[in-house]
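Here the structure comes first, spelled out in C-alpha cells, and everything after it is commentary.
Chain nomenclature is as follows: A, B, C, D and E, assigned in order of appearance, with residue numbering initiated at 1 for each chain independently.
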Amino acid sequence: METILQITDLEVSYGSVVALKDITFNVKSGEIVVLVGANGAGKTTTLRAISGLVKPKKGEIIFEGKRIDHLHPHKIVRLGISHAPEGRRIFGTLTVYENLMLGAYTQKQIDKNTLEWIYNLFPRLKERSKQLAGTLSGGEQQMLAVGRALMSKPKLLLLDEPSLGLSPALTKIIFDTVKQIRNSGVTILMVEQNAKAALKFANRGYVLEVGKIVLSGTSEELLSSQKVVEAYLGRK
Amino acid sequence: MEIFLQQIVNGLAIGSIYALVAIGYTMVYGVMKLINFAHGDLVALAAYVGLTVLMQAFGMHLSNLWAVILMFTVTAMFISLFGIILERLAYRPLRKAPRLSAVVSALGASLAIENGIMLIWGPNIKVFPSNIFPSTRWHISGVVINSTQIAILLLSIILMIALYIFINRTKIGTAIRASAIDQDAAKLMGINVNGIIIAIFALGSFLGSIGGLFIGIYYRELYFQMGWIYGLNAFIAAIIGGIGNIPGAMLGGMLLGIFNVLIAGYVSNTWSEALTFALLIIILIIKPTGILGERVAEKV
Amino acid sequence: MRKNLVWYILFFTIAVIYPHFVDPSWVDIGTTFALYSVVALSQDIVLGKAGMFDMGHATFFGIGAYTAAILNTVYNIPIIYTIPIAIALSALFGIIISWPIIHLRGDYLLVATIGFNIIFYQALQNNLFGLTGGPNGIFGIGAPVIFGINISSQRAIYYFAWFILLITMLIIYNIDKSKLGRAFHYLRESEIAAESFGVNKRFYKVLAFALGAGVASLAGVIFAVQYAAVSPETFNFTQSVLFFTIVIVGGPSSIPGILLGTFVMFVVPQFFREFATARYFVFGIAMILTMILRPQGIWPAKFGKLPKYLTKES
Amino acid sequence: MKLKNLLWVVVSLIFVLSFSSSYAAGVIKIGVQAPITGPFANEGQGIDNAVKMLVEQQNAKGGLLGKKLEVVTCDDEGTAVGGAICARKLVNDGVIAVIGTYSSTPAESAEPIYARAGVLQTSDATADSLTKHGYWTFFRNSCPNSAEATFTADFLVKKMHFKRIVVLSDYSTYSSDLADATVAALKKIGGNVIYKGKIQAGSQNFTPILTKIKAMNPDVIYFSGYYTDGGLIRAQQVALGIKAAFVGGDSNDNPEFFKLAGKSANGVYMINVPRPDILPYPLAKEFLRDYQAKYHMMPPSIWTLFNADGLRAIMYAIEKTKTTDTKKLAAFLHNLKNFPGITGPITFTKDGERAGSRFMAYEIYNNNQYKVVYKED
Amino acid sequence: MLLQLNNVFKTFGGIVAINNLSFEVRNNQILGLIGPNGAGKTTVFNCITGIYKPEKGTIYFDGKNITGLKPHVISKLGIARTFQTIRLFPSMSVAENIMAGRHTKCRQTWFDSLIRTPKYFKDEKENWLKIKYYIDLLKLSEYTTSIVSSLPYGLQRKVEIARALASEPKLLILDEPAAGLNNKETQELVDLIYQIKAMGITILLIEHDMDMMMSLAEYIIVMNFGEKIAEGIPSEIQSNPQVIEAYLGSE
C-alpha cells in the first residue's frame, strides 16, 4: 500500500507551551489509523496541524508526495483532506442541509451521489435536512459533522473523537459507518478515546503520551498490549 | 390618524436608509467582532463621489436616467473597492491585536476619511441637483408620499431581499454565515476566511454606498461630517436588531426610523435623541443581545 | 522602582518650570493637558484596569464642571466647597448609571455608555431644570480660594491643575498597588477566575465606575475654573471618544502610557494648528499607524513590580 | 521588527517636528480668530480669506505706518474652549487686533481675554450679550439679534398679518437667542406664537417636527437657524404639503439655501441686511470682484463682508491716528461716524455696537431672485 | 461531612449534563471523580463553585446550603479550585496571580487601598508574606516576578495550585491538574497533593492520569453521561467491568 500521509519530526507549540514533539508516523492509503492516549496527550493538536489550523514549529507533513505544512487550511481541504473537528463544530444556526452544502464548498457543484450516499449512511440527516443543526441531538450532530466532512469527497478523513458524549448504541452506529466509509475508499485517521472499540476495526494505531508517540503497532498488537490499558486505567 | 400615517411613511423612508447602512456594521461585526466606526464616513464619501460622478455625467450631456445609472455603478464600485482597501490597510494588521486597538484604528480611519472629504470637496455643504428624480407627490387620504420616498423604499427593499437571498441561498452567502459562526470550522470546510472578510467589506460598503446615494437624492444636502450621524444611527439600528444578525439589522433600521419619527412627533422633539438612546439602553438591559441576537454562553 | 521615581520627579520638575518658558497659550495647553490626563487616568480605572468598554466618560467630566458652575453661579457656593459635592454627585451618578448595565458585555456596554453621554449632552442643551444654561452654557464661574490664596491667575490655575494631576497619579498608584487594583485587574484578565477567588464582580465593577466618575468630576471642576465657563460641546460624545482613544493609544492601565497618550492625542494637534485644514486627516492616519505599530499602546503596562520584602532575600 | 521600530520613530518625529513658530519685527500683526475647521469651516475660511486679501492689498500699497501687515490665524473650531485658547494664543503672538470670530459662543469666551490684554476684537457675532459686558476692546461689525428680532416681529405681524406663527431654532447660542428675542418681540406687539421648537442642526430629517406642525395649521414658519438646515426645512415643508409661508432669519440667506430648497425656495421670505451682490455700494462690488478673482468663488456669505469691514475700520483707525496703541485706536473707533464700508456706512456706539440696522425682508422668486418686500424706515 | 450533593440536576439547551447526581466528600479525604470525556465532571465542579446554578437538587458545604450562591460567596466559605483549561490572569506576574487567593483574606477596605491607611500597610505586608510561603512551597520563587503567560505549562499549573492554596481553603477542587505534565512533574504533583492533604485540606480531584488517580484517591466516583455509574475504593473501580466498558468502550 502506498503512503498517503507522512509526518516527520513534527513539533507544535502554543506560545511557550510545547504541545507536540518529534511526532513521526504515517498513514497508508485505505487504512484506518487510530491515535489513542489520555487527555492532553496531543492527539487533537496533531489533527489540527495536518489540516493547517495550527502551524508547526518544526517538521514536515507530506500528503500524496506534496508538502502541506505551510498551506492555509482552505487549500489543504482542496487537496483532499477533510477534518471533522473535536466538539463537532457544526454551524448551529444553519440548517442541516446548509451544513452539508458547506462541506462541499470546495466542489464546483454538489455531487448528488455523494449527498445520496451520506443520506444513506445517516438517514436521520435526510429526515432533518431542513432543521437547524443546533437543535439536533448530540448523536445527530456527530453524524452531521462526519457527513459534512465527507461532502468534500476527501481522500483522507480526519475524525476527532467521533464517539464523544454518545451512548454506546450511538457509538456503535458511528463506528459502523466509519467502517463503511473506509470500505468506500476513504483513508481515515482518527482520534478516539473509545480505544478498544476503535482498535477493533482499525488497521493500526499510535499511542500518544504528553506530546510524544510512545507505542505503535497493528490493532491486534495494541489491543493485546498492557500499555494501552495502562494509558487509560493506569498501572495497577 | 393622518398625521400618524404620515409619520410612519416618513419613518420607513429614513428607516430603510438606516437599514442599508446598518447591514454593513452588522456583517463586519458578525465575522470580525469589530465596530467599524469608519462605515458611516464611507457612506458620506459615497454621497460625495456620487455627486461628482453625476456632475461629470451631466457635463457629458447624458440623459438623467443614464447619469443616475452611471452614478450608482461608479460610486458603488469605487466605495466597495475603498472598503476592501480600508480593511487591508487599517484592520487586517490588527486582527490579532487587542480588540480595542482595532476600534481605535477604526476611529482613526473615520477621522481621516471625514477630513479627507473636507480637503477634497471643501468645507461648504454640497447640494444634489433637485431634478434628477421626477418628484411627483401623491396625496392619499391626507398622507403625502413622494416618488423619491417610494423609489428609496422599493429599491432598499429589493436590495435587502436580494441580500437576503444571496446570504441564505448562495454558496458564498452560506460561507459568510458560517464564517460568522465559527471561523476555524469554516476554514475546515475549505472556505478562505480572508476572502470572506474581503467580500463582507465589499458588500457592506456597497450597501452603504447605496444608502449614501439615497441620502444625497432624498435630502440633497451633503456636509463632510454627516457620516457620523448616519453611522451612529445605523449602528444603533444594528444593535437593536442584534448585532451580527443581518435580518436584525434590517428590522432594527426600520424600527429605528419609526421610533425616531414617533418620538420626535409625539413625545418631544428636543429630547428625541436622548429618548432614542434611553430606549436603546432599555432594550439592552432587557435583551442584552438585541431583538434577534442570540446569547452565546462562554464555555468554562 | 527607584528609577521610576526619578523619572516622575523629573517630569514634575519640568512641569513646575514650564510656564516660565512658554507663552500664555501654551500655559493653558499645559493646564488642559493636566486636566485631560486626570480624566484619562480616571477613565482608565474603568477601561484599562477593570476592562469595561466605557465610551461615555465625558459625562462624568461634565457632571463635575456643571455641578461646580451651577453651585457657584446660582447658589454662590465657593468653588472649593463645590469640589466634594461634585465628586460625590458624579460618583453617585456613576453608580446609578452603571448598576443596570454592568452585566452587559464588551461592545454592548460601550454602546450603553455612549447612550448615557448623548442623553447627558441633550439634557445640557435643553437647559435641564433651567440650570444648565442651554447651548450657551454657564459663564462667569469664580476661582477657588485656598488658604487665602485666590487661584485665578493663569499660572495659579496651571499649578492647581498639576497638583490635582499629582494627587490623581498618587491615587491611581495606590489603587494599582492594593487589593482594590488587583481585584480590577483580575476581573479584566479573567472574570470567572476572579469570581472563583472571591472577587465580587458587581461590587468592584460598580466601584470602578464610581471612582472613575469621581476623579473625572474633580478634573471637571478645575476645567470650569480654567475657562470660567462651561458649555455642552466640551462634554459631548466626541470628547468621550478622545478620552477613550488616549487610554488605548497610550497603553491601558499604564500611568506613563496615559500621560503620553494625552500628549499625543491632545497636545500634538495643538502643534498642528498652523496646518489647520489637513491636520485631522494626518492625525487619523497617525492613529491607525500607531495602533498597527503599537497594538498594546505606546507604553504598555508592566506587571510584576512587587514589594521588596517579597522579592529580596532567597 | 526593525522596520517597525524605524517607522515608529518616523511617526514620532513627524509629531514633534511640526513645532515651530517664527517672530518677525517691524510688522503690525492682525489676528484672525475663526472656525477654520468644524461645522462652520466655510464661514471661517471666508473670514480668513477676506482678511488675507485685504491685508495683501494694503501691503501692496506699502502697508501702514511704513510697516507691513502680517496675519496670524487661529482656528477656534467654533467652540467656547477653542475661542479661549485662540484668544490667549493670539494675544501672545502680539497681535493688536483680532478679526472674527463667526459665531457668538467663541466670541464671548474670548472677549475677556482680549479686553485684559488690550487687543481689539471685531466680530460679526450677533448675540446681544457681546456688547453688554462693557469691554472697551469689542466692536461688533454686524447687527445684534435684538434688532433683527424687532424687525422680524414687525414684518410678521404688521406687514404680513400672520395669525398663527411657528418659531423654530437650532441649539446654537445665536439661533436660540434670536428665536427667544423674536418670540419676545412678537409677544410685545401681540403676535400669536402657536409653537416654538428646536431642531438638531445637521440631522437632515425634519419631517417628524414638520408633520407635527402640519396638524397645527400655521400661517408661517419662522426659522432662526442656518441655511444648511433652513433650505431642507423649507423643502420638506413643501414636500409635506404644508401651505404656510416660510420666513428665514439672516443665517438662511445663503446661495446654498436655494440649492437645497430647489423650487420650494419660491415664496420664501428672508430677513437680512443687504445681500453681498445687491449691496448698492461700489466698495462692495469691488470687494466681490477681487475676492472672486483671487479665490475663484464668492464669499460664503455676508458675514465675510462684515468682518472685512471690521478690518477696514481698524486699518483706517491706524492710518488716521498714526499709532498702534489700542487705547487710542479704540477711542477713535468709538467716535467713528459714517466711515464708508462694504456693508454700508460704519458708525460705532460707545459700547462697541455698530449703530443703525439695515434689515430688509426679501421675497424669493424664480428660484433665486430677490425682491425687497419690507424695509426699516 | 464537608461537601454533600443531593440529586443535582443540570441541563444545557435541553441536553442533560448532570442527572440526579449525589455524592459526599468527607473531611480531609481525597476524593476522585473520573469518567470519559463529556461525562459531566467539570460541570459538577462548576455547580459546586457556583459558576452554574443547578436546576434541581441541593449542595451542602460545611453544613451550609450553598446551592445557587454566587461564586465569590462560595469562595469565601472556603472552596478553592483550579481549572481544566488554565485560567490564570495572563498578563500579571506569578506573585500577583497567587495574591488573588488572598482576596477574601485581605482585610483592607477599598478606602484603605485608596489612601493607604496604616491598616493597608499592615495588611499588604501580612498577605504578601503569606503568599511567599506558597511560592516557596511550590518552588516558584525564581519566577516570582515573571509574567505567567510566558511560563511553560507545568509551571502555570503550579501557579494555579498555589493561588488556590493561598486562599487557605477547606476544600480544594483540582480539575485535571496533571494534564500536560510530564512524568517527573506528575510525580512532584502527587507529592504535593499528599502535602496538601497533610495540611488538613480536603481534596476533590478530576484526573485522566489513572496511575496518579489510583495512587492518590481514597475513594472514587465514576461518571458517564452525567450519571454516577460506580463508586468505591481504587482497586474496586479498576476491576469494575462497567468502568472498563465506559473507558475502553464496549464492542
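Just so it is clear, a residue touches a chain if its C-beta (ideal position, glycine included) is under 8 Å from a C-beta of that chain, and two chains touch if they have at least 3 such contacts.
Since the structure is predicted, the reported quantities are computational estimates derived from the model, not experimental observations.
What's the fewest number of moves from chain C to chain D, given that each move must go to a chain touching the current one?
Shortest path length, in steps: 1.
Which chain pair shares more contacting C-beta pairs: A-B, or A-E?
Higher contact count goes to A-E.
Taking each chain's centre as the mean of its CA atoms, how far is chain A from chain D in angstrom?
74
How many angstrom between the C-alpha centroids of chain E and chain A?
The answer is 32 Å.
Per the centroid of Cα atoms for each chain, what is the distance between chain D and chain E, given in Å?
Roughly 72 Å separates the two chain centres.
Find the geometric centre of each of chain B and chain D from their Cα atoms only, then give the gap between the two centres in Å, rounded to an integer.
A distance of 35 Å separates the two centres.
At least two partner chains per residue is the criterion; list those residues in chain E.
Each of 51, 83 in chain E touches at least two other chains.
Quick one: which residues in chain B touch 2 or more of the other chains?
Each of 115, 118, 270, 273, 300 in chain B touches at least two other chains.
For chain A, write out the residues touching at least two other chains, lowest number first.
Correct list: empty.
What does chain A use to touch chain B in their complex?
Listed in rising order, the residues are 51-53, 72-74, 77-78, 82-83, 85, 89-94, 98, 101-103, 105-106, 148-149, 152.
Please name which positions on chain A make contact with chain E in the complex.
That would be residues 15-18, 38-40, 134, 137-138, 161, 163-165, 167-168, 171-172, 193-198, 200, 210, 229-230, 232-236 of chain A.
Can you list the residues on chain E that touch chain C in the complex?
My answer: residues 49-51, 70-72, 75-76, 80-81, 83, 87-93, 95-96, 99-101, 103-104, 106, 108, 110, 112-116, 120, 123-125, 128-129, 131-132, 136, 141, 144-147, 163, 167.
Can you list the residues on chain D that touch chain B in the complex?
My answer: residues 37, 39, 41-42, 45, 197-200, 202-205, 207-209, 211-212, 214-215, 228, 231-232, 235, 239-241, 256, 259-260, 262-263, 300.
Which residues of chain B touch chain D once you look at their complex with the stated criterion?
Residues of chain B touching chain D: 3, 6-7, 10-11, 14, 115, 118, 122-125, 127, 130-131, 135, 137, 139, 144, 146, 215, 219-221, 223, 225-226, 229, 260-266, 269-270, 272-273.
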